[in-house]
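Down below are the structures I want you to see.
Next come two complexes, and both contain chain A; in the first it sits with chain B, in the second with chain C.
Right, the complex of A and B next:
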């Protein structure tokens, strides 16, 4: 009996999480640029490197708390949470596009290196794991003060770009630099 | 494909147009947020093209348009990553510079949200969203300050 109750509670929690994610996605365009004509992921534009520092930093939050208005604090955290989750989705999409190009290049390659493929897989898996952790932490406690974790996710993404670029430069030159992703990486270094 | 010399001269003309715009017009606008609103207002919302008669007469419509577009992007970048506190100060200064009733201007910014169209085309989507969110919070902060200030001065 207690086992069945545990399953029901677990199922309900899962349903709540899914609903929450679904509702978050529905309302994420509240601050979208009316002139841009699309969300960040679809139009190929990528987050500015300065963006993560501002999104996950403390500076703005400290200023808001000094004001002493709970309404503004709530609104601030609600907005930043949505933006931080979008940031995670964007860096994930960026890495996903890279892996897609890498797979295409690997398929066409005559001398496929098994060890390189393992390195790429491990780097991608560790990056995705970090994104899952970051996503969960943002959902639970918000993005404020998570610069270190965001920087780690960003550096893992860079590492992935480096590994793929080292062995498959052809993949990195494909598809118009992934809409400027490589430009962003160069700028970041 | 245009020859390199022509491309270079066009780039130079755009640079000259930008300098002219800065010297004659933008230098007189002290608040960066006001500069951003001004540059956005020179854009035709249905075509996305920028128009400035004086600049177009000195250079050409095409060069003036590109110079304005670049200045707009630069003005936006300057503000998009500014701390919230700075944005609140700038919004306050901008509303003061309008020479209209501050409360009424703030009410318009709160209800009509004119800031939603000040971002340039082609700006990073997430950066635009952060900027719009920050401006919205800045408006809320100024509204709050306006409500609490009379109470505080009454107490004093």
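Right, the complex of A and C next:
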């Protein structure tokens, strides 16, 4: 039966691929122009690492425990968990927008490098895996004290940006406003 | 009786496809597909004739034409690859690498003797050969569809129906042939009905998608994307520097 199983798996795999491409049709325009999205995320707004340090650190928690109210502690943990999950979603959405922009450009690039593509895909997959783990840990344990894991997620995201940056080294005019993104950068500084 | 009705419906749907191929744009842009459909139409008419007049040679005619159909199918795969990926050289290059890799894997498996064909089987049946060749096409199409999905290659209505129709045909053929090979004669009756019925579904998909020529629309957008991405890549690198310093500050804090 193992011989037949290979063929059946092959056939089912093709059907799954077809389903994916035809169910995903509506989102075809999702990264047709990565710079034109109205939302901030599609323009590549990286979450402030200070925010993750605050969210996953235990300074606030220490302060709340000093107050000695169980109700406040419960409420704090509940809200902090919500915020942490939202942070994970934001980071994931950011990476998704970035990889979308990358693919939109890579598919039309005659100089595409297969190995770089593999590296980008692996970096993205490992980043997503990390986000899934982080999400699960937050759900189970709560966000307080997870600073180290959050930092790891940040560094994975950084690695992804680095690889994409290597792939498309560009020199643009200094007065270019990069599709309005430099304005946002100045705001951070 | 039922299988003959299915046969007639199939011939009718194929004839409609062939007639509509003369509408502007269709035959010019999809010559391999219409070559394949013409072949299948002639094959079906020939088989009907032989089945009615010379049933004793029907199996030979069936398998001989079936193998020719396999080669026409390869042309169809080539057409899907060429039409979908020519506007996207990057995705095309990835597809080429992926297909090359798959061919190497399949050749290694066949060479090692533990692949598709069991080593104790000295003579392959025609059914085994068809199943294996269809399997190679199935894997190749799955790889192509994965590339389309990964790079969000917009196929357009015509090409989408080609991919969907041929994909359903290949996937169901491989599964049917594998089950038929495994179970044997007990599956024969179901196979005789199942395979042609699914082929009718494929023909309906093709008729719906290829009713008239609709050009693909991705070319202009792609040029804008490349330009936009270069800007994005530059600003990403700038932001990366910021991110690094902020992460470092966060860790030190």
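Keep in mind that, in the parts below, the second predicted complex is superposed on the first by the 122 of 189 C-alpha atoms of A that agree within 3 Å, B and C clash if a C-alpha of one lies under 4 Å from a C-alpha of the other, contacts with A are read in each partner's own complex, and residues count from 1 in each chain.
The rule is simple: a residue touches a chain if its C-beta (ideal position, glycine included) is under 8 Å from a C-beta of that chain, and two chains touch if they have at least 3 such contacts.
Being a predicted model, the structure only gives us computed values, none of them experimental.
Visitor: Considering only touches as defined above, state whether A:50 meets chain B (first), chain C (second), both or neither.
Guide: In the superposition, A:50 touches chain B and chain C alike.
Visitor: Based on the superposed arrangement, let me know which partner A:98 touches: chain B (first), chain C (second), both, or neither?
Guide: second
Visitor: Which chain, chain B or chain C, is in touch with more residues of chain A?
Guide: More residues of chain A are touched by C.
Visitor: Considering only touches as defined above, state whether A:87 meets chain B (first), chain C (second), both or neither.
Guide: Once the two structures are laid over each other on A, A:87 reaches chain B alone.
Visitor: So which bits of chain A does chain B touch that chain C touches too?
Guide: Shared contact residues on chain A (touching chain B in one complex, chain C in the other): 31-36, 46, 48, 50.
Visitor: Okay, in this complex, where on chain A does chain C touch?
Guide: Residues 1, 3-4, 6-8, 10-15, 17-18, 20-22, 24, 27-28, 30-36, 44, 46, 48-50, 52-53, 98, 100-110, 112, 114, 117, 151, 154-155, 157-158, 161-162, 164-165, 167-172, 176, 178-179, 181-182, 185, 188-189 of chain A touch chain C in their complex.
Visitor: Residues of chain B touching chain A in their complex?
Guide: Residues of chain B touching chain A: 45, 48, 80-81, 83-85, 116-117, 119, 121-130, 132-134, 136-137, 140-141, 144.
Visitor: Write out the stretch or stretches of chain A touching chain B in their complex.
Guide: 31-36, 38-41, 43, 45-48, 50-51, 54-55, 59-60, 63-64, 67, 69, 71-72, 75-76, 79-80, 83, 86-87, 90
Visitor: Spell out the residues on chain C that touch chain A in their complex, using ranges where they run on.
Guide: Counting only chain C, the residues touching chain A are 87-91, 93-94, 97, 116, 118, 131, 135, 138-139, 141-142, 145-146, 148-154, 160, 163-164, 167-168, 170-175, 177-179, 181-182, 221-226, 228-240, 242-244, 246-247, 249-251, 253.
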